[in-house]
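Think of it as A, B, C, D and E in the order they're written, each chain with its own count starting at 1.
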């Protein structure tokens, strides 16, 4: 598990639709976001015996390789160059609606069959949790085209397996490569669940032992992270299920493996649900803990006030200035031989009485 | 995205049924609301090569154009003129129940097949969020009739596309125009989700950093907005799904595009759900934050009271007027050489003891 | 909408099963509640051209009219006369289980086919919200028998339509009359939703502006009303759906209208759900508002106590009676030339310091 | 309704599985609980014309009657005698798994077809709410065997009907007897819902009028009762539905009646759901009421403290002992002609100012 | 029930995915956890008449027994020896994906058919609640292979039954053994529900009688336990349902028994749901109880402060040092004959008035 890309709980971002066209725009209108990363293209073509891997600059280079290999994998990182994407789209005869989905980020995971290819959208975790990145995959008869939102992906170990030769991936057809990519994407949520699980565990300790003001922020943050992860991962289940039934693109041998990926997606959703439930319980527990602490603070205040305010009153009484010379009724205590000890005893008695009352209510425990 | 109609979170309005007839009224009874805006009618008729666009005053003008164009689009803004609507209804042979739904606003999105046309109801966002406006659409073999609740709509860019010629919409049949209208309606919820998303984000910052009394009002308002948006958008999913199966009115080429609109409706519901969950969490977080602040206020009160009330009591004791001349037991401290420093030290000691107790409970952090 | 029967939110009543027989009683045992209103019977028989409407005393009068008209509608108000009901039951050959449901009030809306008639139960709102009243409807080949829980119903406008002649209801068969009755029943929930919607709106204003002790009672009451309305209305959806499929009793022409009623039932449930969600949010908002107010009260207490308790302590110190004659250490301040101004300044300084601390915590906003 | 067995909300008991065998025990192992009540056996055999009813001691007596009557009903009260049950099991050829379910109490309601009989489990309310008692019913071709957890049941009125003769039950086959028993069981939940409904109503009044510490206990108790009742009643729906489809044991005539029982089960679940929702609302309302009361207590404290602490401070100032002989700056007020009235006026002014501030905040309402 | 393995509520552990491979790893890659317990192997082979039971060291010993007995059961405890598992996998021709699931712990219960065997995953409770242990079961035509996560299981009584001979298990085929194992696993959750039920019951008493700070921790803990148990048990339902339909491996005779196990799984989920609902109610009740206690504390504080602060103020007034020699307006009371009694009476009057006000508000109850 050592080579895993490091994730961290990033800054909260607003939950908004991804890019969308102005309502009413003609379908298939491609409006490119000039601020998006400019595409870099990589081509890996392989048969059981041979392998070509290179960076390409001009989409026309792709045409040269297509048809010459059992599997040609073109990976495009970034969608900032509209002209380039349009030319790639032409080479693979991509439908306008599919291309619209490629550039209008924020799509849910889905599988859509077109005449010459399967169009698959998946969402890949990024280093900034819980943000995910859209990966558009076109699976044709002898090629796989992947278009990523931005550079950086979870496919490095798939590339390694291709380079190594002799592994199953080399002797297989494009559907197996698609399986390998989807499997890498789905499995890359496991380390994230490890992180959220650990974080929840730490928060549970914090809530139970020493909740403070920042605890609620952290619970809120992890809950949001889990909501957004669920939104990102959830549709993969349905998409994988659809994929399993696309028998014209997915061979039976590959379906066995995809079923395993489907199984992993179920397990991830299962864990997300459980973590979300625990986080809900945590919020309730936190609220109870805060109430408990307030109770305690109030008890201390009440104990101190209940004892000392009456005592202060007694002291106040004997601090009055009634003229005891005028009458025997005016504060004769002041002139008693044991006046002061009497007052102190009175106070001690009152304090003892209140302490006993408080103790009987069980407030000292 | 610059040309988007500006939305703002309008005044809360009661959630009530829209207009309805007195229970027991005969079906198809049309009771017109004289306060509703008076209708303005616009006709756009086009073929691949030609285009007519004009405002019409007399419904009979419509008859003249029907049948002469592949697509005639009549748009009626406002439902305040009963006579006019009745005449339009006659021209298109609209069923009484359908016409009843047109004028009794507050219908849910739905699709109902009649003999000569499909009757579609959709709900379009208005400038006053979260109020939505009912759009009734009749899709016939060569016409589209749209009746809006009031002037102002999201169809301007569709009109632009028709005017421009050469776009797909011009060479297509009425079902494509209906798709274009529904797509414009559904997509017009995206900018609203942008607004609610931003607002939620701002509220999250407010709750976590500086919640105040107005925060809860704002959370309540956004939650209500989301509930009402969900009620407005939700039925579109089912309606679009029904529409996809109405093969006699929707051609296969158009269905591909409608599926895309359906996909957008799903994404909008998905986002609404997520935003609603976040807003729920926000309410819980706010409540915790308020409790936390109260805790803090209580702590300050308790610390101050716990320290100064006992000190005040000690000062009170030495303010008593027992006559120390009468006996050596009566407040001899008053005559001690270091009586005052002794009293001050006693106070300092008591304060220190209480401070230490409080510090040990961790109330200063 | 002027003629609507006025509803008011009545006294809460316990949610209990309606009348039921002692468990183990033989099915079809009719135990009549002698406290129930005594039945009044009304007969309306009509064809397209003719109409008879009269109050009847003896059930045998019904027999005379049956078979002589396309539609005979017998309406019984009140179920307090067992003998009468038994005789009516005999005339229409009502199954014992159906008759049991007629007299054991509190049934859910449902549709049950028997050999010679459809047995329909619906629930009609009463003037005492959220109480509803059971209406049992028997739809035969040429008659409609309705038995109501007590006098007063929402059918007056249906009767008006029958009396007027020339309306569709006159030229139709009994299933259309049943539709008209069910439509009147379902639609009569719309004005109630208007009332609850307005009430919720008023409560929202109250919660946000000036929540007081009675607000929570009102929220509780409206929530209960909504729960009970949902329980009353909900089963109508399923019942109407079942009715739509009872092709032997419901003609296709009538089914179109019933679908409209079904649509209304869906809209009502939709609104009830939305109102209930808003009322839940309202409860949470109210709780936050109460917490906020407590926070404010606490802040005032804490500010006052934090400033004046220390000042009181200082005054107490200089009210001590240490004998300054005995030693120069004993309260020399009392004899300072500026002792009093010094003490006042000290107090002012302490107050300023505390005010500054409080201001820095932002408690004045 | 006078003869109903009286129910009372009994002591809460832990929610645990019923009896179960040590995990891994061979299926069909019968471990009898020696503490369970020892069985009493009763036999009722009847045809339309004749009837035998007697207590039996030896299971062999059953064999003599089987086959001689259209319906033989053997009722066993208590499961404490293993040997006896084993012999009864042999007579009716009861499958080991079914017998295991009979003695391992805590089964959910269910229907299981075996070769020679239907095995039905139902749960009957006991006098100690919300505890329920398991009733195992075997429906054979000419017998009904019921085995109850302990003496006391809701079948007395069924027995009465059998004894009376001439009622439908006498002329029917065993499936009708099973219907009568199940109907008696299901209907016996109605009086309980009456009790819980009344109790909830009383609690609503208490919460709204005068909530105290014990109220929350009572709400908790009724909620638990409802949860457990739902768990007991819920599975009957599915069981009855299954039973309706067991055409080889249930004749069409009986199915009509069973559908009625199914209807009752639905109504009971409906009521339980509604009561549970009301109880949830009640808890929220109670919490708000408690918060409101605390608010009120705090207001009184704050008003008193806000007025009297500053006054006490002023009195304290003029109780200081600065020597006015030393300088004209030292408390000249003490020697003013109207010093005391001035001080009192100052206090009155301060009190008035604070009262005005408090009044302006609206704390007196 | 005496021989049950003792469970205890263990330390909370983070909820995380079980072991998983680095995302992108080739499927079927077996990475063994060297820290896992080293495997111990046990072989039990039996026919109706004969039995062999022994510990084996070398997997090749298995080959010798396979095919010679109707049922060979190999049980492997611990998965720490990769080489050994690989060799076992070869003997039984285990698919790589299945073997991957065996070693990557944390799988959900499931049933997967392969060509030569059924692959079943179940989760068995461990002594450390709510941790569960993965049991992988391979059901072949004449063998059962079970691989457990670590030593210690719930199968001892199954082994006993096999050893005893003459029981059904001895004369049956491997599917019956699998049933016996699954039954033992599922039933082993019953004692746990006994424990959680008792614990909940104890907590209910604690919450209602004497809630303290630790109560909320305990409620949180039991809720977490129930969430995790539900996650562990839930998938068994679906798995058992799938198993019932795998007719090529499960004979009809065994299916009857498996249906019983399925029934138990349903009952367990039912109980878990109910216990979870009770625990939710408990949390709400606890929060109310805490609020109630705070209310009480506040009342005591308010009563004491409301009575003694005004009294202290009066004492303070008569402790002022206005010079009564200067004017008759300056504190003449000090020189009244009954000045002191007057002051005391004034205080008593004020105290009585406040007490009366408080009593009227009902704060003493």
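One rule holds for everything that comes next: contacts are C-beta pairs under 8 Å (C-beta built on N, C-alpha and C of every residue); 3 or more make two chains touch, one makes a residue touch a chain.
Keep in mind that what you see is a predicted model, and the values were worked out from it rather than measured.
**Student:** Please state, in steps, how far chain E lies from chain B along the shortest route of touching chains.
**Tutor:** Step count on the best path from chain B to chain E: 2.
**Student:** If I superpose chain D onto chain E using their CA atoms, what angle of rotation comes out, to the nearest 5 degrees?
**Tutor:** So the copies are related by a turn of 70 degrees.
**Student:** So how far apart, in whole Å, are chain B and chain D when each is placed at the average of its C-alpha atoms?
**Tutor:** Between these chains, centre-to-centre, one finds 41 Å.
**Student:** If you average the Cα atoms of chain C and of chain D to get two centres, how far apart are those centres in Å?
**Tutor:** 25
**Student:** Which residues of chain C are in contact with two or more other chains?
**Tutor:** Residue numbers touching two or more other chains: 287, 291, 294, 298, 301, 305, 309, 312, 316, 319-321, 331.
**Student:** Can I get the ring sequence of chains, opening with chain C and turning toward chain D?
**Tutor:** Moving around the ring in the direction of chain D from chain C, the order is C, D, E, A, B.
**Student:** Report the residues of chain C in contact with chain D in the complex, numbered from low to high.
**Tutor:** Contacts found on chain C: 12-17, 20-27, 97, 100, 106-108, 110, 210, 212-213, 216-217, 219-220, 223-224, 227-228, 231, 283, 286-287, 290-291, 293-294, 297-298, 300-301, 304-305, 308-309, 311-312, 315-316, 318-321, 331, 333-341, 343-344, 347.
**Student:** Considering the complex alone, what residue numbers of chain B touch chain A?
**Tutor:** That would be residues 1, 3-4, 154-158, 160-161, 167-169, 180, 183-188, 190-191, 193-194, 197-198, 200-201, 204, 207-208, 256-257, 260, 263, 266-268, 270-271, 274-275, 277-278, 281-282, 284-285, 287-289, 291-292, 294-296, 298-299, 301-302, 305-306, 309-310, 312-313, 316-317, 319-323, 326-327, 329-331, 361-363, 365 of chain B.
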